[in-house]
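In the two complexes below, chain A is the common chain; its partner is chain B in one and chain C in the other.
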Partner chain A sequence: MGRFVLRRSLFSLFSLFGLLVLVFFLSRLTGDPAALYLPVDAPESVRQAFREARGLDAPLLAQFGDFLVNLVQFDFGDSLRRQRPAFDVVIEAFPWTLALAGITMALVLVAAIVLGALAAMKVGGIFDRISSVISLTAASAPDFWIALMAIFIFAVALGWVPTSGTGTPWHWILPIGVLFVRPFGLILQVVRSSMITALSSAYVKTARAKGVRQRAITFVHALRNAMLPVITVAGDQAAGLLNGAVVVETVFGFPGIGKLMIDSILQRDFAVVLAAIMLTSLAIFLMNLLIDLTYAFLDPRIRY
Partner chain B sequence: MADAAPAPHVLEVKNLSVEFHSAGKCVKAVRDVSFHVDRGETLAILGESGSGKSVSASAIMDLIDCPPGRITSGEISYRGRDLLNMPAAERRHVNGRKIAMIFQDPLAHLNPVYPVGWQIAEAMRVHGMPAAAAKARAIELMARVGLKDPAARAKAYPHQFSGGQRQRLMIAMALAYDPDVLIADEPTTALDVTVQLQILRLLQQLRDETGMGLLLITHDLGVVAEMAERVIVMNAGEVVETGTTRDVFKAPRHPYTQKLIGAVPGQGGMRTGSVGAEPPILEVRKLEKYFGAYHALRAVSFDLHAGETVAIVGESGSGKSTTARAILRLDDADSGEVIYRGRDLTTLSDKEMFALRRDIQMVFQDPTQSLNPRMSVFQIVSEAWRIHRDILPKERWRARVLELLDLVGLKPDHADRYPHQFSGGQRQRIAIARALAVEPRIIICDEAVSALDVSVQGQVIRLLDDLRHRFGVAFIFIAHDLPVVRDFADRVIVMKDGAIVETGTVAQIFEAPVHPYTRALLAASLEPDPDLRGSHDPRPEEVA
Partner chain C sequence: MKLARWGLAAMASTCLITPAVAQDSKSVTVVLTEVLDVIEPCMAARSDVGRVVLQNINETLTEFVPGQAELQPRLATSWEQVNDATWRFKLREGVKFHDGSALDPADVTFSIDRNKNAGLGCETGGKYFGGMTFTTTAVDDTTIEITTDPASPILPLLLSVLPIQPDSDPADTFTTSPVGTGPYKLVSWDVGQSLKVERSADYWGEQPIVDGATYLFRTDAAVAAAMITTGEADIAPNIAVQDATNPDTDFSYPNSETSTLRIDGLLPPFDDRRVREALNLAIDRDAMIGTIFAPGVEKATQQVPPTTIGFAHDLKPWPYDLERARALLAEAKADGVPVDTEIEMIGRINIYPNATEVMEGIQAMLIEAGFNAKLQMYDVGEWNRYFVKPYPEPRAPNLVQAQHDNAKGDPVFTAFVKHHSEGVHSAMSDPEVDGLIEKATLASGEDRQLLWEQMFTRVNDTVIADIPLFYMVGFSRVGPRLDFKPTIATNSELQLSQIKFR
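Here is the complex of A and B:
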């Protein structure tokens, strides 16, 4: 197990480096920050000074070298926009996204597993059909539309919750509710089909022959076997949320990492973009490791 | 109500009929079936696939999914109490406590993600035993069914046991409450012969100790002859014959029973196994193969002559299939040579091997899996000509497919059907026609008749025999079923743990086996003759 974690970490280091190279050079293709930050009529000498002050006049490879040297000391450089270390800016935004993603996924998993398992118990029954319609709708609805509708109905028309911003627990309800919809629909479908397979397996027959109650058969015998594909899809969805729920964060003015990244890209704030991408990549790597360990925990046949 | 009614049978099934509805069709799986089991006796239900024998047992345990299944008539009673009209909660407490069941394929029937001790203890917890007591009894039961070091093994998972051990675990689970009746549905079908005999002996011993009744469901006449006092024979959902095992085997009255008993392999004369003077067409020399640290083949060497049939027998894990796969280079051997007509196949380039592939063909065990379900029979058989372009011009494909189908006993209009529209035996004929399409000199049959019913098995063997005579095809015939080998092979190779332990003509192996392992295999092989009951040697020293 320890060796597995070590090997995976080493491989991930390579991937992270590749990502770093890619993002660094691609972001430089978006244009010259001097053109964006200085007035249109700024003389060339001012522009040149601006570039020199931030090391943007050096050859690209030299910039990259400097960047790597600083990176080893966890220094991503300063944010052009905010005049502060980029890493600090990102670290401030990250907990917001982490909390948003964590709470949403926890709710999604509980709801999808319970409903999916119940739907699978009686395939074609009323409950199964209703949950099929719900999951299909939820999985295919565009989130910006849900977000706008939710604001319109619950914030504007009914006035139950604030339209946007942060500050009270009430501010979290709409972003979580909107983010919940799509992963819930997808995972519900996976739970259902995976549970149907598990419930028709031979060991379920054995359990029935032993006299085990249907509820225990569903939630003890079948569920644990059905969890592997669910974990896979859930991990995928969680990665999406960690990457920043860009649309939802923007719509609700939520100070998370997705909003920060979009803003920074538009502002050519390269240092912040890089720091944000590195941090979310690290988080996604840790989550994938956790998922692999969960596999081994759920299924004793999987050993690393 | 003058006389006291006779005590009801422990388990009685009366006029049971079961239907299955699917895709607008109604299949009457069981029709008007009646039988009873009492304590201390063994009743066998004998039948081939689709006879309804397992459905009858599933009905007793409430394991039929309704829908699509439906019990249309009849009653099932336990000690006079009607099971079919019993409240669900009450019936749940009959299952596992009063009537228990074990199944074929214990690996699939054990939950892969829970420790085995937990699963055995669950059989008691669900009927109200405190967890600690159930755990202790689970360990006791594991010891009782012959598993060593039960306290430690209780924490292990099903995949960490062998096939025979898993069936012992299932039996331990079934014994939790010393049930009145144990239903065993093909309990030894997937097991090696020596392990089969150990499990049957264990069941017999437990039946005698606990006084339970045993309802044994099987397709294997040898198992019935060895185990049962009474037998009912089922065919197409109906009981065709009932009687004591002796009467049914020695004087079968119904034509179906007669046919079944007549089809049992291993009764005819043996082939001489003499080999002509010409050099062998295939020489296998010192094949070695490792899977990781596991030594799968150890210096495997043998010859195959034109028109000859060499059988490779051995139990699971002995390296039979690995040998076949190494010859065909489906898995490359680590060292050794396979010389076919003067060329070493193991050193050929992929392109050279491609050209030679048509000379050596393979027929696999399970035609359901080895035939592509999306291809018609015509496409399956003609596919080889699409790959090896020079064999046959396209305009002659159709005619040749029909010829081949005729050769293997299928009809011309079968060419445009798909594999799922055929029975198991017919599918294996398609697989053989496919192999013949490239006019091979050697056909490797890897358990090619093992999955087939006895009567179908005989037909396929006759077909292979016919091909041998007409075209001089040489066969490598891999099998675990000794009577079939006895009927079909010229020479026999016995493998154990990746090595060849004995080689000889079929008569030498079957009549004067030398190696102790060969003797053990033969001793454990069950014959369909109740007079030989108990004469088989289960090698009790090894617990599989």
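Here is the complex of A and C:
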């Protein structure tokens, strides 16, 4: 197991390095930051001085060399826009996204697993039909629409929660509620179909024949075996959230990493883009490692 | 059953929640639709920074108040012209920065140098002082002489955009805790979240009624507007037209922006005046008001709003006359002008609401008139290649979507850059216009006004350099407890000291 973790870490390190190199060159293709940062009236002399002061006038390979030297020291340079170390900017935003994604995924998994398992117990029953409609609707509704409707109904019309922002636990209800919807719909579907397969397998029939209670069959025997595809999809959804719930962060004024990344790409703030990609890639690598280890835990046939 | 009880308990508990509401004290909450990423005073020419910093935290030597003929004193109590290139400013006595240091000529020099420091890339310096060198001389503790090259007859007006910072601010980086002389001082800035200011007890002027403000940032204008409705905030200075639905709380105001299409008059077929006239006649401006442009916009006749000195009031908006446009094109074609040449319409995504729809609409109108128009919508970086010199070569003749802000009341902020042969946004070359701009820039008083009028008349009537579209409007939502009406200045600043309570 230790060797597996080491091997995966090394491979991920290479992937991460390749990704950063790719992003470095691709981001430079987006154009000259001086065109965005300086007023349109600024004369060329001012633009040139701006480039020189930030090393943007150097040949691309020289810039890349500097980038590699600084990367070893974990220094991504200063944010063009904020004139502060880019890594500081990213590290301030990351906990917000991490908390939002973590709480949301925990709630999604509990709700989707319980409801998906219950739906699979009686295929075609009323509960199954209702959960199918809910999950398909949830999986296909656009985030921004849900967010604005949620604000209008729960904050403006009913006055139950604040419209947006941070500061109290109540401020988290709407963003988490909106983020919850799509992964819940998807994972509920996966749990349901996976459980239907598991519940029709031979070992479940054997358990039934031996007189084991249905609840124990469903939640102990079948569920554990049905979890592998669920974990794969849940990991995919969690990675999406870690990359940033851009729409939700934008609408609710959450200072997370998704919005930061999009803004930085649009602003050609290369240092922040690279720092943000490195941090989220690391987080996703750790999560994937955790998923692999969970596979082995759930299925004794899987050994690394 | 147990589940139902839990559900009811949860519902009951949510009913007890009181969302964070705007303070019922004398503090106000302002919700901005841009996330403030810098609060450096030399960036205050950017409207998002200006609304927080300008005249609240950092003040200027002079103050331009739209609608008032005279420039108002602020940190300078008086000023006089010593010679063509030099002005002497008398600083207000007894003014202290929030850190306790006294305002003196060194702070003025520091603020000017800061704005001229190309390494910092200050918005104010780049926008207003590009191509100008400054020399300062401290005459005594409260008097400073400022010399410019080239000479500027409107230097006092120019200095109404320059926030004064103490010379203790970092010289080579942006400050994240601005210190000023204004009626409010910074309390905290939680990046991306909120910013708080409170009244400065040591302020030299009259103490304002509002004792502090919290700025919140919501990039979705619908959410910002909703926050006023729920009482979570008091003012949303910039909301979208589609969210301005409540006549009791929502105001439209002229925002000093003028939307235009710049005609590339240097290339055929646009080097023919008849073609440029046909472009203007082919556009049905009335059809766009209240549809793809907000209700309340006014048809434009020139690059500056009517509050500007030297505004040519005799110019009339172009009528919609499709037949005349077609006839002019036919006439030009008969004389060998290549009117069938493909023309490029260069649009900028989100330059204003419905920017793409506006360009699509105009493209359809131009095609109907007989032009061979192709539309490209770009983000700001790519659009800049066509908007700012040097223009790409070779290029197709183009029409560039633009919007220009001149809230300062003098065409000098517009004329050279837009209409002079050497202006960085100019796509025209007319020696008479160049001469008028050069003369007007150096003139003062009534001469200045007349020269600017002549210049605008020639540019828009004789030359026809642009397709003026509209004098634009902005929308604000103001909560019921405040007595505040947005004005043309709200686009660039929001002076808390002007807010009162009902």
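Just so we're on the same page, the second predicted complex is superposed on the first by the 304 of 304 C-alpha atoms of A that agree within 3 Å, B and C clash if a C-alpha of one lies under 4 Å from a C-alpha of the other, contacts with A are read in each partner's own complex, and residues count from 1 in each chain.
Definition applied: a contact is a pair of C-beta atoms (placed from the backbone, for glycine too) under 8 Å apart; a residue touches a chain by one contact, two chains touch by 3 or more.
Bear in mind the structure is a predicted one, so any value in this text is a computation, not a measurement.
Of the two partner chains placed by superposition, only chain B is touched by A:R224; chain C is not. Of the two partner chains, chain C is the only one that A:P255 touches; chain B does not reach it. Of the two partner chains, chain B is the only one that A:R208 touches; chain C does not reach it. By the touch criterion defined above, A:R268 reaches chain C but does not reach chain B. In the superposed model, A:D299 lies in contact with chain B only, and not with chain C. Looking at the superposition, the partner that touches the larger set of chain A residues, chain B or chain C, turns out to be C.
When the shared chain is aligned, no partner comes close enough to touch A:L242: not chain B, not chain C. Legend: residue contacts after superposition of the two complexes on their common chain; A:Q83 is shown touching chain C, with no touch to chain B. The touching residues of chain B, when paired with chain A in their complex, are 61-63, 92-97, 100-101, 103, 105, 108-114, 122-123, 126-127, 157, 159, 170, 173, 176.
Chain A makes touch with chain C in their complex at residues 30-32, 35-43, 45-46, 49-50, 53, 81-84, 89, 92-93, 148, 151-152, 155-156, 159-168, 170-171, 250-253, 255, 260, 263, 266, 268. For chain C in complex with chain A, the residues that touch the partner chain are 14-15, 17, 19-20, 35, 37-38, 40, 45, 118-119, 121, 123, 125-127, 130-131, 173-174, 176, 191-193, 216-220, 222-223, 226-227, 229-230, 232, 379-382, 384-385, 387-388, 417, 424-425. The touching residues of chain A, counted against chain B in their complex, run 201-203, 205-213, 216, 221, 224-225, 298-301.
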